[in-house]
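There are two complexes below, and they share subunit A, which is joined by subunit B in the first and by subunit C in the second.
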Partner chain A sequence: MNRLWISWKPYLMVFRLRALMETQYRAAALGGLVTQVFFGLVYVCLYTVLYDGADAAALQDTITYVWLQQMFFRMMFSNDGELTNLIMSGGVAYMMVRPLDQHRFWVCRDVGGRLVGAGMRMLPMLLVQLLLPKGCRMALPDSPAALAQFLLSVGLGAVCLCELSAIVDAINMKTLDRRGISAILNLTMMTFSGNVIPLTLFPDSVQMLIRYQPFAQALDAPIRMYQHAAGLPEWLLNVTVQIAWIVVLRLLGRWMWQQRMNDMTVQGG
Partner chain B sequence: MPFIEARGLGKTYVRHAAPKTGGISRLWKRETQHIPALTDANFSIERGELVGLIGPNGAGKSTTVKLLTGILTPTEGTCTVNGRMPWEDRQAYVRHLGAVFGQRTQLWWDVPIRDSFLLLRDIYALDHAVWQRRLDELIAELDLADFLHTPLRQLSLGQRMRAELCGSLLHEPELLFLDEPTIGLDAVSKLKLRAFLKKENHAHGTTILLTTHDMEDMLALCSRVMVLGHGKLLYDGGLDALLQRYDTVHTLRVMFEKTPDLSAVPASVTRDGDAYILTYEPAKLATSVLLPQVLSAGRVREMTLKEQNVDELIARMYKEMAL
Partner chain C sequence: MMRYVVHSVKMLMKSAMQYRSSLLMQVIAQFVMTGGELMAVTVLLSRFRVIGHWGAAEIMFFFGVMQSTFALTELFGRGIAAFQGFIGRGEFDSVLLRPRPLLLQVMCSQLDPRRLGSFIVGLAAIWMAAVQLKIAWTAAKALLMAEVVVCSVMLLLGLFLIEATMCFFSVKSIEMVNVLTYGGRSTCQYPVDIFPTPLRLLFTYAAPVALCMHWPISWVLGQPMVVLAQGWYYVTPLAGLVFFALMAAIWYAGAKHYRSTGT
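And then the complex of A and B:
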C-alpha cells in the first residue's frame, strides 16, 4: 500500500499543481463565464422558439441540458499548451530524463486543469441562474441521488476526456501538426459528447448507439443522470460503461505513447 | 571498471525525403538518407571527473549526451554508466541522473519554482526532510531565495539557469549532464555558475559532463576535454596538452626606459609606439631563456606576456582537423 502511494505521489502532485495553476487564470474564467452565459441564452431562445409551446416538459429538459453543456464547456474544450509546445519543439524527448510514466503524468495533469477550470466557471454560472427569468432557468436535479450520481459521473467523464486527449497528443507526436487529424477529432468529440446539440434530441432509433459511444461518456452521460435519477441496475450500467471506455481508451493511449516514445529513442526529439 | 565506458558507440539517423529529381513521382517516391551523427566513439570516464565535450555545431555532442542519458538508443556499439546500459530500463536509470539543457527548460513554466521543486521531490521519491535540507543548501549556493515563489516565466535568463541547476541537483545525482549551461549569461552569472559547479563537483564527487562553445568555461572547469567533429572523437585528453599543441606563438610586449639593444635576442621584433613586440614560438624558444636576454638588453619599465586567445586556438584546431 505504501509503495503504491509513493509511486502515485508525483502524479497526484502534478494534478494538484495544475489545479492550483488554473486558479491563477481568473480573468480567463470571467471571460469564459460571459461567453458561456451568452451562448446559453442564445440556445435557450432558439429552443424555446423551436418547441413553440408544444411540450413544456421536453423544453425544460433541453434548457437544463443547454445550461449544463455551457457550464462544462471548459472541461470539454481544453488544450494543454505546454504539452503541445513540447511536442512541436521536440522538448518532449527531454522529459525522458525524468523517471516518470509520461502518459500517466500528462493525463493526471490534464484532469486537474479540466476539473478546476470547469469548477471555476460552473459555480458563478449557478448564481447567474438565479437572475434569469423563470422560463430560461435550468431545473434542479431530479433528486439528491441524481445529483450525487451526476457529480461522480462528471469526474469519470473528465478522466475519459483526458484519456481521449492523450490519444490526440500521441497523434500529434506523429504528425507534428495539431491541425489535421486532431482538429477533426476535436470536432467529433464536441459533437458526439453532446456539446453542440443535446444527444437526447437525436432520433430514438440511434439513441442506443449514440449514448454508449465513448464521446458521450464525457458529458451526455452525466447530464442524463442529473435529469433522471436512475435505479441501481441502470446506474451501475451507466458507470460500468464509463469505466469500460476509460479502460479501453487508456490502454490504447498507453500503447500509442509507448510507440511514440520508442520512435523518439530511435530518431531523436 | 570505469564509471562511464563507451565501446564503438555510434548513432545513425534515418531520414526520409522526397527525391531531388523526378517530376510527379516525387509525390509517392521517397529517398532514405542515412545520417551518421556519431561513429565508433571509445572513451571512459572515472567517477568524479569533470569532462568537457567540445566541437563545432553538428559535431555529435548532443547525440552523445542523448545516448548517455538514455533518450536515444545507439545503432552500433555499446556504453555503460555505472554498469547499466542507459536505454535499458530507462526510468530506473535516470533516477541517478541530472541534466540541464541550456536551451530547454525542465521546470514548470507557469508555477512558482518552489512548486516545481516540490514536484521533483515526489518524482524522485525524496524524503521531505532530506529534500528540504538539500533545497536550503542549493538556495544558499545558487542565491535563489529572492525568487523562490516567482513563476519561471518571470525570471531572467541567469535566474532561470540557476533554478534549472537547482532542479537537476535536488536528488543528488551521481552524474550531471550540462548542455551549454552558460549560454546567454552575463559575465558575473557565468563566474558564479562556474564556481558553483566546481564546488559541487568537489563536495559531492558528482561526475559532470559539460558541452559548451564557451572556451572560458572549459579553461575554468575542465582538466579533460573530448573534441568531437563530424561524429568522430578526435581528441581525448588534458586541456593543457591540447592547448600547448596549438598554442604555437606567444608575444611579449616590453617598454624600456632607454632605447635597448635587441640584436642578440632571437625573436622577431616589431615596434608599436614606444613598446617593442617580441614574437616567438615557445616550443623552440622557452620563455625562461628569452626573458634574461630581454632584461639584459636594457632597463625594462613594463612587460606583458600574451598567449593566444583560446577561441583563436580552438578555431585553428578545428581548421587543422578539417572540421
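And then the complex of A and C:
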C-alpha cells in the first residue's frame, strides 16, 4: 500500500495542482457561464420550435441533453497548449529529466483541470436552472440509480477524453502546430460528442454506430444513462464500451508518446 | 489609403503562403468544422422536415449566407477579432505612432486565410439550396444579395468591435461578449422569426442581423418575413453600415483610454 502511494504521489500532486490552478480562473468561469447559458437557451428555443408540440417527452429529453452538454462544456474542450509551449521554449528538457512516466503525468494533469473546471461551472448552471421558465428547464435524473450511473460514467468519460487529448498532444509534439491535424481532431470531436447536436437525434439507422464511437463515450453515454436508468446487462455493456475505449486509446497514446519521447528535439537555449 | 490596404493585403498573403502545407491543413480544419455544422443542420432537417414555416432548402440558404458572411468577416477582420492579443503584446503603441487611420491599421494588420474553408462550405450550402428552390434570379435580386453580404460583413465587424473596445478597459478574458458574435452566428444561421420575442428583438433591433440578412433574404426566397414595399428591402441592410459606424466611433472613444501594457 505504502509503495503504491509513493509511486502514485507525483501524479496525484499534479492532479491537485492543476485543479487548484483552475479554481484561480473565476472571471473566466463567469464569462463561460454567460456564454453557455446563452447557447443553451438558443438551442432550447430551436428544439421547441422543431418539435412543435408534437412529442413533449422527446422534447424534454432533448432539452435536458442540451443543458448537460453546456454544463460540461469545460470538460469537453480544454486545451491549454502548455505542452507545445514547453517544447517551443526548450522547457521540455526539464520535464524529461524527471523520473516520471510522462504520459501518465500529463493525463493526470488534464483530468484535474477538466473535472474541476467543469465542477466550477456546473454549480452556478444548476442555480440558473431554477431561474428559467418551466418549459426551458432540464429534467431531474430518471432515478437515483440513473444519477449514480451518470456520475460514474462522467468520471470514465473524463478519463477517456484525456486519453484522446494525450493522443492529440503526441501529434502536436510532432508537428508543433496546434492548428493543423489536432484542430481537425478537436473539431470532429465537437460534432461527434453531441455538442453541436444531440447524438440521440441522428437517424435511427446510424444510432448503433454513433453511440459506440469513441467521441460519444465522453458525455453522450453518461447523458443517456442520466435520462434512462439502464438495467444491469445494458449498464454493463455501456460501461464496458467506455472502459474498452479508454484501454484502446491509452495503449495507442502510450505508444505514440514513447515514439515522441525518443526523438524529442530540445529547442531554445 | 487604398494603396496602403492593397499593399498590406499583398504582404499578408505572401507571409501566409510561406507555410503552404500548414495553411492547407488549417483550411481543411475550418472546412471540417463548418462541414460539421452543415451536417448537424442536415440531420435536424432529415428528422423534422420543417423548422417553423421554413422548408429544408430555405433553412439551408439562410445557413449558407450566415456561414459565408461570417467566414468573410473573420477572414478580413482578424485584426479586430484578435485585438486582445494586439493590446496584450503592446503592439497598439506602434499603431498609435503611425500617420494612418487607427482602425484601418488594425484591420490591415492580420488576415485569416484559413476561414476560406468555412467560406467554401457556406457557398456550397447556398448553391445547393438555390438549385433546389429554383430561384428565378434577376439583376435586382443578385444586386440585393451583394448588398446583403457587404452590409452583413460590416455589421459583424461592428459586433467584433464591441469586444475590441472592451479590451481598452480590461486585459482579462472577455469571452462574455462572444454571445453576440459566435452566439449570433449560431442563432442567426436560422431565420430569426422562429425564435421567441426577446431573441428576435435582440437580433432585429439591437444587433440588427435580421435587418441586414433575414428580411432581404426572405424576400429573395419569395416568403417575406415582414411585408414591405420592395424598395425597403434595399434600405434595411444599411443598418449594418450604421451599426459599424456607431461601434467604430465608440472604439475610437475607447482608444483615448488606452494605456500601454508593453515595455
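Criterion: the second predicted complex is superposed on the first by the 260 of 269 C-alpha atoms of A that agree within 3 Å, B and C clash if a C-alpha of one lies under 4 Å from a C-alpha of the other, contacts with A are read in each partner's own complex, and residues count from 1 in each chain.
Methods note: a contact is a pair of C-beta atoms (placed from the backbone, for glycine too) under 8 Å apart; a residue touches a chain by one contact, two chains touch by 3 or more.
These numbers come from a predicted model, not from an experiment.
Within the superposed three-chain model, A:V14 lies in touch with subunit B and out of touch with subunit C [touch as defined at top].
Residue contacts after overlaying the shared chain place A:I181 against subunit C, while subunit B stays out of touching range.
With both structures placed on the common chain, the touch criterion links A:V97 to subunit B but leaves subunit C unconnected.
Residue contacts after overlaying the shared chain place A:G40 against neither subunit B nor subunit C.
Touch criterion met: A:G31 reaches subunit C, while subunit B stays clear of it. Within the superposed three-chain model, A:E82 lies in touch with subunit B and out of touch with subunit C [touch as defined at top].
Residue overlap on subunit A between its contacts with subunit B in one complex and with subunit C in the other: absent. Only residues 6, 9-10, 12-14, 17, 20-21, 24, 82, 89, 91, 93-101, 264-269 of subunit A touch subunit B when the two sit together in their complex.
By the touch rule above, subunit B contacts subunit A in their complex via residues 13-14, 63, 66, 69-73, 87, 90-92, 94-95, 97, 99, 101, 104, 106, 108-111, 115, 118-119, 122-125. Across the complex, subunit A is touched by residues 22, 25-26, 28-29, 32-33, 36-37, 39-40, 43-44, 46-48, 51-52, 114, 172-176, 178-179, 183, 186-187, 190, 194-196, 199 of subunit C. The part of subunit A that touches subunit C in the complex is made up of residues 27-28, 30-32, 34-35, 38-39, 41-42, 45-46, 49-51, 177, 179-181, 183-184, 187-188, 190-191, 196-197, 201-203.
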